[in-house]
Amino acid sequence: MKLHFGNGLLKGMLVTIKQNLRHPTVTQYPEQRLNTSRRIRGQELVWNKTRCTGCATCAKACHQGAIQIVTATNTENNKYEVETYRVDTGYCIQCGICVEACPYDALFMGARYEKAKYRRAELVENKEQMADSLDRPVSGYFHPERAEKLPVQTLLVEKINEDRSKE
Amino acid sequence: MALHTEPFILNIGPVHPSTHGVFRIRATLDGEVIVDIEPVFGYLHRGVEKLAEQRTYTGIIPLTDRMDYITSMSNNLAYVLAVEKLAKVKVPERAEYIRVIMAEMQRICNHLVAAGAFINDCGAFFTPFLYMFREREKLMDLFEMVSGQRLTYNYMRVGGVSQDLPAEFLPALRKFLKEMPAHIAEYERLINDNEIFLARSRMIGILPKELAINCGISGPVARASGVKWDLRKADPYGIYDRFEFDIPTGTVGDANDRYTVRIAEMKQSLRIIEQAVEKIPAGPVISDVPKVLHPPVGEAYGHLEGPKGELGFYLVSDGGIAPYRFHVRPPSLINLTALRQMLIGWKIQDAITIFGSIDITMGEVDR
Amino acid sequence: MTELFANPWFHWAFYTVLLISFALGAVMGLIYIERRGMGRMQSRLGPNRTGPFGLLQAVADAVKVLLKEDIVPANADKVVHWLAPIVAFVPVLLIFAVVPFMNGAMLADLNIGILYVFAIGSISSVGIFMAGWSSSNKYSLLGAMRDVASIVSYEIPLVLAIIGVVILAGSLSTNEIVKAQANIPFILLQPLGFIIFFAAACAEINRSPFDLLEADSELVAGFHTEYSGMKFAMFYLVEYAEALAMCAIISTIFLGGWQGPVLPPWLWFLVKTFGMFYVMVWTRTTFPRVRIDQLMALAWKFMLPLALINIVVTAIEVVIWPTPAGLPWVLIIVNFAVAGILIVTWSRLMKYGWGRVETTLR
Amino acid sequence: MEIERPHIYPDIAIDRAEGKVINDLKIASQPIIPDPDKWLDSELEKNMFLTTVDAVINWSRRSSLWPAICFPACCAFEFIATNGPRFDLSRFGMEILRASPRQADLMITAGTLTWKMAPNVRRIYDQMPEPKWVIAMGACAISGGTFASASYATVPGYNHIIPVDVYVPGCPPRPEGLIYGIQMLQQKIAKRSLADKA
Amino acid sequence: MTVALAGKDIGPQIEKALPGSVLESAPGYVMLKPEFLVQAATFLKNDPAMAFDYLNFVTAVDYYDYFEAVYQVTSMTHNHTLMFKTRCYNRVDPVIPSIINVWQGADFQEREVYDLLGVYFEGHPNMKRIFLWEGFEGHPLRKDYL
Amino acid sequence: MLTDYGYVALFGVVALLLALSMVLIPFALRFIGVVPHNPNSVKTSTFECGMETIGKTWVQFNFRYYFYALLFVAMDVLIIFLYPFAVGLRKLGSFGLTAAIILIFIVLVGYVYAWKKRTLEWK
Amino acid sequence: MGLAISFWILAAVAVIAALGVVLLNGVFRSALALVACFLMVAGLYITLSADFLAAVQVLVYVGAISVLIILAIMMTRNVQHGNPGNRFALPSLIIAILLLGIFVYAVTGTQWNISKIAPPDTTVATLADKLFASNGFVLPVEIAALMLLAAVIGAIVLARDK
């Protein structure tokens, strides 16, 4: 238990200065983007209108009560039709339990995470905003068949290719 | 002499850079020396126990994620263990291995944060903290790959885990296991011998062994005081009896011992993961459990060796879909029991260091 | 041109403008170096969005802070609260008056140059104390108290460490000291003095690992907790200007100032100053903060006796070899050996676990 | 709160006083504070000089946002991760975390707000010098998240306590999501004009 | 493996040491009379065969008719564990003796129980609200709260 | 020599004006509305981690610290003696050296006494 | 000319600061005024070509003595209001007037000799010669050291925990 000033201090300084020569692990976000996990639970839900039967299992499974679903009977073809399907993304905690619960594969976790809004009311998404479309990537959470098609996740343990121009 | 210092009350927290959240110490100071403290809790009391009484057994798992948000996997696991004990559910072999891997990864994750924050509290300008966060990011990647979220995993289920490991998980984990020891060595070079760090942390905030046991302190804090008590050895839940590892203990019980025990535990966790990765069998990951669980009437206390100490869940079931009583044994809260004895007589700077060495998460302290 | 410089008014005006623009401009540079350098050492990048390579980051910060609301706490001592940044700022600028940029290129070549630096520098601490005291905030008050503690302890080793250099140079004038280093910079002749001076200077200007007054992990923001807007920016400026001043002084008295081959003298001076600052950034990134009583113990029990021994050793050497014509290499070896032995043996006197106080109040 | 030398351990008087503050605030902050979106969509007719001045001022303000420390819960760790070596908030000049609100511009409310904490957050916000902005990070900050549904202790969203400029959903949001939110805030600041306020 | 001692075996031993202290010896737990709680706890801690030196947790459950305080203790020397309980039938202001002088670990947990369930632990030096603030009405974990 | 001090003094005046202007520019800008200024009682109250301060903020400090200041003054005076010695050492030779060593030694007696009496510990 | 201007400015500020020491209400402000006064006196030394003395004045008085005073202030209980008037007001006034009279008498009565020798160029080297050379004031210097020793020991005795 003796102190020698110097030895430990110098060792530490060597580590920090070596770090200077190493490649920083930064992903410069707006320009460079990480491939997210194939199972990503992004900040949105994607809803497939054609598959949904309006059974409201998701709404029941959601312990948050964030999903609001109203169905009405369509008298023409004698089927239930979803009138409103609304999720408050500011209230949803992306636990994925609704996706797990959906018996008809009609609900997916979305892969997008850039959902910041200026106003509270804009965070409530209705069925048009949630609808399944091409520009809205769907994550493979609980849907392994979809996960396979998604790009492989970028990992920090692998070397990330970085654009060093903007340092 | 008639001239003496006036004691005054200083609020350290709730919004203070090194109270690890929103803890508040109401300290009575004599100059810089702490004469008396009163810990004030509850700035993050969100009523988890009340909420849990209104939710299904599966619906509680996201809640446990948010309790100790640094160690979500361990929380999930502890809760799931308690429910399995209550409902007497068997877990498939592969799931057991996945659970061990996850729990130990989470332990490394937590100790990285704990050690980094502790050195930060000693006054290092973020450097070790950021280095450790860099490695934590690698773990985050792996967790995200498995569960889809970076922090709140919601991965364990009663009777197994929610999804199988993706194909690219094990190679990535092996790679991580290969490079992590070098990083730990780097931290040790960076800070372990640093004289200032030693002077700041050695012989500071000594927690005697008897006091630690009497206060119910568990985990690395107790082990640093020389209490050789690890539930993974003492009460091996899951399949922990199949792995070979040591329990690092400290000798003095000072802040430095707590730090070194954490670093040593990381190495042991790496050992466990290595063994688990080698032996992991193929097979199903979740047993046949009804979607809405109705455990029989009764009570169960399931606990595990969480990264911060003994994390337990005490559940009382009345046969319904929601637990009748849901109680958490929070290691963070109970580890603070001896805080007053540890802090009095030290200066503010030491108080911050000692507090940092205990490693708490407010989400779990207050729930 | 020389005639123009012979005119005292022109000389004054030229150097005043030069010094102020140098101080302010270099401070921006220092902030940039610190943030980028520290970023790289912490395995990240540092500011790189604002302007090319993030060069305008400090400018943006300055403009923003200038336009920030200025809050004066209601129960503060308002006059002192207003005066404190000024009292802290002016002396720091005054230090630059005796910094030689080139041979004789300085505002005033004072006979007592080095002594002037420390005399003026000590006023700055009064400003910091005023800030901490007048804010009427307990954290600030603790910061102020620590300020007193650090003045009391670090002034002495700082001033003592220089005496060795003064003995070698035989003058107090900064320009003369630089001239005396034509053959060999004093860092090689005074290794112990340099280490003590560097540590004490870090403490004097409150840089890590001695940044106790504004220790953000303990005292929120220390003495300037209650300062906002431009007045806070002035303390920020003072911190870096002091660092700049100290680096300039270190490069002047230990590293040979403007002396150096090939490059023009002023560039040498700048390179040495900024290099010194980089070392400060480096130590800041690496070291944890010391505790207040360890700071005191380090000053009083470690650096003070070592500085005195250093003076005596240097004095004896100078008396034995009044003109060390062929001897510097011997002196270098001797002095390094003395420094090494002293540091190792003396640090054994330090021990862990001071600090617990038995309080009588309970 | 003037209490004479209260260094005896359980001082219930301080607790009572603080409890009263909390209860008062709880009663007072039932309505939601509207989002400060006044200058968001408005493209005012500006004269040339003012526009240039605005541009410079807004540029400086948006390029040096110093966050205040307000890290109650989970999102704090995503915020630190954002600040960390992978996502590196310091690229935007935001690595200077000010522990003292006096020197901060931006409050990133990372975590659940409880009623016990609410007066403190309100106070910290009040003590920040103007101009100041708030980013509500995560579900708890926006609406109370998981804990809003039945909990007796949680504030259902920071906008009951302080005005919120940008909402970043997620539980917790990914670091990229937060950076996106910060960039949205920067765009919002860029639209601000001196003329609007007067 | 930690042995969970059956209440059936331990109950009679406590009863032998402290006559009249045990209400019920169930397989999973021992039900103690509140008056004897501290003495029984001291016995459990100090008896060399028991040596329960470590208190896992303290909590209470609201069963409408009564409050049940639950204690789980572990012996680190023998590596066995025991759960014991006690009941309090007063609903208006329930009081249970505090065991803080036996195991200091009960400190915050008893305060927590007081805060959330309203069970007052007599003998605790600092029995006040811990998570909620002074002036909060009611005890939220009670089944009749809201 | 006095010219040099004249430079310094005038430079000091300019520095003072600069510092003053730095404080006063935001103050002036406040009136044209560029710098906001809306004080209220909460904003101008003391910051203490988001809590109200308890008790008064200017508190009394311990007497022990006074000793340090006294020792500091003594040491400062010693240093003042050492500076002329250092400048003139080459001329003074061994006589001056002996005188200075005696000087240091005498003061060090007090210093060692203080160390032994454990008064050098900051409590 | 320049000297005269600077003298008057320095003297005026010094007197104002000295008055501030006495008249200001807060103890802390008084201490600051004292620091200002010390600084002005240092300036006066410079006008007298005593640059080393000026530096010493700043270093010791502004750097050290002010810290001493500030510490003394930190120990007072009522910092903001200072001393209330007490019954010693009248006697102290009389003593002050008497002292002032003596000083004025002494100053006016003294024959002020003005040296014809130009001030030395390097004061420090000259001082070194005077203090440490074999024909200089070595003994007084050592006696001064003894005084410092006495001060240190006195401080230890004062600060000792009773």
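Residue numbering begins at 1 within each chain, and the chains themselves are lettered A, B, C, D, E, F and G in the order written.
Convention: a contact is a pair of C-beta atoms (placed from the backbone, for glycine too) under 8 Å apart; a residue touches a chain by one contact, two chains touch by 3 or more.
No experiment lies behind these values; they were computed from the predicted model shown.
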Chains contacting each of subunit A and subunit F, listed by label: B, C, D
Pair of chains ranked first by number of touching C-beta pairs: C-F
Per Cα centroids, the chain farthest from subunit F: E
Far-end chain from subunit B, centres as C-alpha averages: G
Rounded Å distance, subunit C centre to subunit D centre (Cα mean): 37
Distance from subunit F to subunit C - Cα centre to Cα centre, in angstrom: 13
Intercentroid distance (Cα basis), subunit G paired with subunit E, Å: 71
Subunit F and subunit G, separation of their C-alpha mean positions in angstrom: 17
Subunit B: positions in contact with at least two other chains: 1, 3, 6-10, 14-17, 26, 28, 30-31, 33, 35-36, 42, 45, 47, 50, 62, 127, 130-131, 134, 137, 152, 190-191, 194-199, 202, 366
Two or more partner chains touched - positions in subunit G: 51-52, 56, 59, 63-64, 67, 71, 74-75, 77, 80, 121, 124
Per-residue multi-chain contacts in subunit A, two or more chains: 1, 3-6, 9, 12, 15-16, 19, 24-26, 28, 36, 63, 93-95, 156
Parts of subunit B lying in touch with subunit D, wherever the complex brings them together: 6-7, 9, 14-17, 21-22, 26, 28, 35-36, 38, 42-48, 50-51, 54, 62-63, 66, 69-70, 113, 130-131, 133-134, 136-137, 140, 150-152, 362-363, 366
Residues of subunit B touching subunit A in the complex: 55-56, 58-59, 61-62, 65, 127, 131, 134, 137-138, 141-142, 144-149, 152, 154, 162-163, 166, 168, 172, 175-176, 179, 186, 189-199, 202, 291
Subunit B - residues contacting subunit F, complex: 1, 3-6, 8-16, 24, 26, 30-31, 33
Complex contacts: residues of subunit A adjacent to subunit C: 1-6, 9, 12-13, 15-17, 19-20, 22, 24-26, 28, 166-167
Contact set on subunit G toward subunit C in their complex: 26, 28-29, 32, 35, 39, 51-52, 55-56, 58-59, 62-64, 66-67, 70-71, 74, 80, 121-124
